[in-house]
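Structure provided below as structure tokens; questions to follow.
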Amino acid sequence: MANGLLPQIVFYFFAALAVVSAILVVVSRSAIHSAIFLITSLLATAGIYLQLEAEFLFVVQIILYVGGIMVLFVFVIMLVNLDVSLHQLQFNRQWLVATVLAIVLGIHFSLPLWLDRGVVNLPPPSAATMQPNSEMIGQALFQNYMLPFEIASILLLVAMIGAVVMAKRRI
Amino acid sequence: MMLFDNQHILSTVLFTPLAGAILMLFIPRSNAAAHRWMGNLFGFLGLLVSLPLICRFQAGQTGFQFVEDHDWIPTIGAHYTLGIDGLGLVMVILTTVLGAIAILSSWSAIQKREKEYYILLLLLQTGMLGVFTSLDFVLFYVFWEVMLVPMYFLIGVWGSERRLYAAIKFFLFTLAGSVVMLLAILAIYFNAHTFDIRTVLSAPHDFFPLQLQRWLFWGFFFAFAIKVPMVPFHTWLPDAHTEAPTAGSVILAGVLLKMGTYGFLRFSVPMFPDATNQFRGIMMVLSIIAIIYGALVCMMQKDMKKLIAYSSVSHMGFCTLGIFALTPLGLSGSIIQQLNHGISTGALFLLVGVLYERRHTRLISEFGGLSTPMPNFAVVYMIVTLSSLGMPLLNGFIGEFTILRGTFEVPRYGLTWAAFGVTGVILGAAYLLWLYQRVMFGSVTNPANEHLPDMNLREWATLAPLILLAFWIGIYPKPLFRVLDAPVRQLVEKVNPGYYTSQPPAPPAQVPAPAAAQTPESR
Amino acid sequence: MWQELFQQTRQQFHLILPEVQLAFFGMGVLLIDFLLEEREKWVNALTAMLGVIFSGISLYMLRYVPANGVKGFNNSIVIDPFFIFFGFVFLAAAALVILLSVRYLEIEKEHHAEYYALMLFATIGMMFLACGTDLIVLFIGLETMAISFYILTGFLRNDRRSNEGALKYLLLGAFSSAILAYGFSLLYGISGSTNLDVIRAEVAHRPPSDVLVILALVTVAAGVFFKIAAVPFHQWAPDVYEGAPTPITAFVSVASKAASFALLLRLFLTVFWPIRVDWTMLIAAVAVLSMTLGNIAAITESNIKRLLAYSSISHVGYILLGLVAGNTLGLEAMTFYILVYAFFNTGAFAVVIVLRRKGVIGDELDDMNGLFQRNPGAAMLMLIFLLSLAGIPPTAGFIGKLLIFWALMETQHYVLAILAVLYILPAVYYYFRIVAAMWVRDSTDSFIPRVSLGQAVALAAMGIVTLAAGIYPNPFIEFAQYSLGVLGR
Amino acid sequence: MNEAGYFLNHIWLIPLFPLASALLMLLFGRRLANIAVSVICVGSVFASFIYSLGAVLQLVARPPHARFFETVLFQWVPAGVYHTTSGLLGNFNADWGFLLDPLSSVMILVVTGVGFLIHFYSIGYMGYEGGYYRFFGYLNLFMFAMLTLVLANNLLLLFVGWEGVGLCSYLLIGFYFKKKSAADAGKKAFIVNRVGDAGFLLGIFMISGVLGTIRFSEIPAAITAGHFVIGSSVMTAIALLLFFGATGKSAQIPLYVWLPDAMEGPTPVSALIHAATMVTAGVYMLTRTNAIYKMAPFAMEIVAVVGAMTLIYAATMGVVQTDIKKVLAYSTISQLGYMFLACGVGAYEAGIFHLMTHAFFKALLFLGAGSVIHAMSGEQDMQKMGALSKKIPTTYRTMLAATLAISGIPPLAGFFSKDEILAKVFQTGHLLWLVGWITAGITAFYMFRLLFLTFHGESRVPHDVEHHIHESPATMTIPLIILAVLSVAGGWVGIGGRFEGFLAPVIHGASILREEQTSRVEAPDFLLMSLSVFVALAGIALAWHFYLKRTDLPGKLAKKWNGLYQLVFHKYYVDEIYDAMFVNRAKDLAASLAVFDAKVIDGLGVDGAGWLTRFISSISMWWDTWIVDGSIRLVSRLVWVFSYPVRMVQTGLVQSYMLLIVLGIIGILGYYWHMFHL
Amino acid sequence: MIPTTHYLFLSLALFTIGVVGVLTRRNVIIILMSIELILNAVNINLVAFSRMFGSVNGQIFAIFIITDAAAEAAVGLGIIIAFFRNRETVLADEMDLLKW
């Protein structure tokens, strides 16, 4: 499925799904719904990864993001259950201005890209295949990127400590 | 003794007060008497160590003496360079003398936080001496600003009601000028590639291209004009003077204001001669305005210190007038007048301080008929007043006369300038005598004044030296003129070359505009 | 193949020794904590201090690296003077803050090992920020630092202000680092590599005013500006400064700022150096805005921590001016400024820390009233620090500003120079509001601030450095010059 | 130098003696007993009198052309190099040097002599006053200043004395400093003098600028070297400036206003300073610098005219004053007018001559007046006197002599000097002679009016003072007598132009004009003499008529010849008419002039000037507070206020912060896209 | 074949939506989610680029970003809990103790 119609269909489907669910994340009243839509969006993104031949990342996305982070989110949402907040306003006072500005920002990013797509001249996707993906990633991760990997461990340690310190009533 | 040989004596003079201050840090705060003694001791020591300068100074020898030079910040090429010429000598001595007197004058006036008070006074002393002795731009600037801080506290902590306002006003005003000067200094560096004042001084008059000279002149102008202070930058002065404690006012009027004129003489005039020639007219007009305006404002003051403050605006106007007359007489007169102003205005503030200590008010209306309870005070006050209004045989006259004589010489409007100056003299007599009359004459109306004690020994000790100096300068100023001859000669040769050869003075219009083209832009 | 991997690791291990030391002691603190009674918690501080010292030693070992540095771990880090310089700054700041923290935490009853551990981890992040030449290293380092700070800011968990500060910091920080990440992704997209040198080469080859490059520049700049709290990305600073525990405020305002400046310099002097014509204007504008807003806003601020926040914003403006000048001197000025700023700014906060006591945060202007009568030494030091902040000689701050002005004049940025110079006036005004409160006003409460041993040591050190760098700045300037190595050439 | 002789070599002692004792008084006077004070002070003045006498004798011993002695003690103001207006290099240098020549010798003799007498007199007069030592200290200080003034060998040193005497007069006028009027008068005197001095200073500048020297001995040479044309504008300017200074010191129009008020001071002061010595400094200065005036005929005209105007104006003023000292004050002004008139027509020697004689009799008059006041225990109003001649005979006789002298009755001193002046003026063919002549009459009139009102007629003395009217002590009367002798015989030195001859070497030829005119107009001397004598007598007669006869005659006549009563009455009727027609008118005129003087000149002129200055100064103070300082405060306030909105942006809402971040990015990107025209 | 630009636009779309969420929602948790969206957008970029260059670096970077997202989420939620414990709210515009 290197080229042909299918990839495009896959891409545009997943893209549309990601965008739509993302919008729903932002607009839906209850936090739970947003969380679920976020999951959808992330899954769609995972699909796109797959379409980009990044299988490993596809897995990571699903396991770590959807399986880990989102569960955490849902858990917290349960913890600080907000039936009250369901009835109150979900958008702050500046929402109109903010939306407009955000869109302006988006235009500022995208319009030049669109106009200059000639100038930007991103090379077409290289024929170089990245298979077997997991192995290559493993190689890179433990040779070129060993150091960041180690630092990441500290980062996660910090995160752990932080979560404990913050969430635990007494240490 | 190595500390006192010609290479190090200036450092000794400079750091004696500082040493005192540091020493006092270790005396417990509770022991106020000790601080008093130490303060006075080191104030006096500072005076003593400065005396060898007078003896060893070779008058008539051009250039700087007692030069001391070390690397300071090699990375930016700043040196620790000290040295004085005649001008510097006069200023240094003035500073040490007034410093000692100011410290002595606060013996009983200061009743809180003696420790910090004396430490700050000594720090201030070092700062001022540094300004007058440093021969390196950066060093000069550092001292120039260091000195602000102690003054801020002297006004802010030991001042009277509106002291905080006055203090911060003083600080900001002066700072506003000096920060601009900092840029000008840097600009000089990029054109002269040195921070050494001597090198820049010895450069030819068109060393900086004219356009640059103009900029630099104004860059320095604000710093100095605010310090002097020239109208319209003077409004910090009345507040600062009024709120400051006696010693503060004495130092402020006696020494701090001189930094402005000193700056003009040391930097603006000799370093940017062409620009100076161009702006001479403006400067003289400003000075005249200061003279007359200050005098006029004096008349309406209800507060003695304010009155004296404005009178110093007027008197310093004479100094700037003399400087920008750019003639030997004008310049030497101006320097002498600076000395005089230090002496007589300092003495005036001391006298007001004497009253303030007794009555804790400075309002003229509170007094009257004081010559009955305090006759000696009346006599001293009279002498000081006379010296301040330029009575012959007292210092004021020598300065004012010489300045006006030098001004008279200015091409074209000479007589007019002189005439205006003389008007200032008349007004001076008017407001000073009026003040004297309101305070001293008449019969005692206010019962509080009936039994005021006359001046005590310490007050005599503070005032006597000043009065002696006043008479000395008034009767035998020759040594002063001799000391000042060389620096003045240098200045004049710089601003209008060939003055001393008997050609008619070149009209300032002949500032060589092409000169800018000739000198290659150095960077 | 694993063989050679270990091989190269063993060869290059000494390069990351300082960080390793910190990590080791950080975890050590966590472990030792279990052995300690409530009143022995100061041992944690001691351990952390040891870590800093050891890290410092191993940093000192590296001092003979060539000017262009030693690359390691597949060019993902470079050990060059720049790193050593900033590493020293971070460690110094960390040491000072640790000294200042003990008493404070005891008063707060939040004396936990995690605090020190997190500080050390944050320091690790900073150091990687300073030495990383790889986008990923930089990003992870940045996040390590940032997240540690989020936690530390909220460390007083029962204090509403602390919570709020932490949450705000987190939201804003996450947002900004997301933007930064976006920029990084674009950089990667431009070059296909995460190595700065490669990216730089690519950027150089790119046609001028390439959209992707500009997008990357702007997003990265936005992220970094946020970290250094430059206008208009500054607004987190006052709130976080006020909310955080005061030692952490000091740490944030000094160390994290220095680290972010390291990142900024690293990126702008390598990646974006080819297109500096494009960003000089941007930096200048941001600098001027920061100076203006910081100075103006501080004039009426009555909370000292907020006031110092605004002042730090204005200082950022000053430091950025050095980058605007862009010549060697300007960069030296920046590094020198960052170096001394670490000391006198921490000092200013330290005095506020000294004022902390049960029930009173001691960060209101009135808490300073009559400090002179209550603790002359503290008042004296505070005066020195404030003078230095205001840039009055003979203090370090003056030399720093002097160098900045110098660079501006040398590169003929006259207008900027005049602006910068004139902004000293409002600065002096609001700093001297504090001075006046300390020295002139009479004390409104009878509380006598007592200085613990640690605080005394820290205060003394900072005061000495501030004065020394003002009176004889030569060594410091040389250090700053040394720090640049080959950068910016 | 030794052959110059002891006294000449020690000429510097002359001013030194009084200075020394002055310092002694001002420093330690309070501890000294009155007797010691008087001995020291009077003694010092006497010593300097002796030394001056000796010096003068040694000078006179020389041949006329060599009667010139100059000595320099030390350089005083070696101010340095400057450019003269002609572009040459000058070296400004004022020495502390003394110059003794006929002119200054006359002056020092007058000053020390009269001064000594007045000091002596003061012992008695001030005996019961507080601040005895202070009084004498100031008086001695004055002597020092005055002697410096007359002995100075250059203009600047002269200016020192000039200012010094001004200061002393300020101090002495304000001697009763508790009286506000006295203090005010002193201040007024000082400031008005300062105004004059301003002119003088400028004059000095111009002289040194134009001639390159301020030494009297070098000025004539410098003038000839400078090739100035007669009446060159520069010279005229200098001359006028100097004269302006003189008007201040010597109380001429327009700056005479201070002198009448100066009478607030103790009477000896008025005698010494405001009659004999200080006020004549102007005349001396003009004579000193006559070489310059010679080049400026126009200026001389001005001097003459101003002198004449002052002369008659002040005289008329004197007619109506009732305060005995005020009368004398105005008469002094008018007499000074005579001197300036003389100088104006180039008759310097005549001026100086009159200066000398005037010093004698005017001092005497004041001292006499003082003695009267002393007798009347402080009363100064002539309305409350009368018929004192019996009670205080000595005072009466001496004052009579003086009055005769001032009225110019031969052979008294006043006659010779005044007559010489009139003669010289007449020779120049000036109409001003007429003014002088008339005024001679008026002078006689008001002086005798004073005499009659005070000493004759029936007593108008209130009874409480009546009984303890007594003659003054010897210390006061002796000086009176000596001065009386002098004012009788003082004029004889002028007989046969001996005085003129003596002064001749100092006078560098008066104005060229005058020399021509001298040849043209030749008037018989005796005629002029008789004329002036006549007018004087007329004046006396008139005074007698109105202030003695008219008061007591009617009664007698009515008693004696009842028949003639009508006639007499009728005569009186005529008399009344005459009186009504002329004298009263004249008196009215004078009175109105007096009002004019008090209200306009003094009121508007002086106080008005003061008021105006204060007004302007209050305006400038307002300006200073609200505009100059106000603008500063406004700026700072603006910055302060502006800081609030900046802080308000800090809403505390996270999302607004984020919004700002987004805005920032948009802004930056927008900037770039704009730059790259996308 | 899909040009890389399209991936860019997709990520931009997600980015913008994320920004909108961050700027408009009151619920802090949802703000955090929106931030996750943004990071997700970044990842799309990275992966697309890595495909474009045919090198896995981008994917590695993406992994690290996910790690970071996890860390941020953990800490963030912890802080939110602490905040909620003290303030009984998780609404962004109700944390206004610190202002001005």
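Note that the chains take the letters A, B, C, D and E in the order they are written out, and that residue 1 is the start of every chain.
The criterion applied here is as follows: a contact is a pair of C-beta atoms (placed from the backbone, for glycine too) under 8 Å apart; a residue touches a chain by one contact, two chains touch by 3 or more.
Because the structure is predicted, anything quoted here is derived from the model rather than measured.
Of all chains, the one whose CA centroid is most distant from that of chain D is A. Chain pairs C-E and A-C differ in how many C-beta pairs are in contact, and the one with more is C-E.
Chain B and chain C have centres, each the mean of its CA atoms, that are 44 Å apart.
Taking the mean of the C-alpha atoms as each chain's centre, chain B and chain D sit 39 Å apart. Taking each chain's centre as the mean of its C-alpha atoms, chain C lies 81 Å from chain D. Chain D and chain E have Cα centroids lying 99 Å from one another.
Chain contacts: chain B has no residue touching two or more partner chains. Contact with two or more other chains is made by residues 136, 140, 143, 147, 150-151, 154, 157, 166-168, 171, 175, 179, 189, 211, 214-215, 238-239 of chain C. Along chain A, residues 92, 94, 98, 101-102, 105, 109, 112-113, 116, 120, 122, 144-145, 148, 152, 155, 158-159, 162, 164-166 each make contact with two or more other chains. Pairwise chain contacts in this structure: A-C, A-D, A-E, B-C, B-D, C-D, C-E, D-E. Looking at the complex, you find that chain D touches chain E at residues 647-648, 650-655, 658-659, 662. Against chain D, in their complex, chain E makes its touches with residues 19, 22-24, 31, 92-93, 95-100. Chain E makes touch with chain A in their complex at residues 1-10, 12-21, 23-27, 29-30, 32-34, 36-37, 40, 43-44, 47-48, 50-57, 59-60, 62-64, 66-75, 77-82, 84-85, 89-93. Chain D contributes residues 639-640, 642-644, 646-647, 649-650, 652, 654, 656-658, 660-661, 663-665, 667-669, 671-672, 675-676, 678 to its touches with chain C in the complex. For chain D in complex with chain B, the touching residues are 26, 30, 74-83, 87-89, 92, 156, 159-160, 163-164, 167, 170, 174, 177-178, 180, 183-184, 187, 190-191, 194-195, 198, 201-202, 205-206, 208-209, 610, 613-614, 616-618, 620-621, 624, 628-629, 632.
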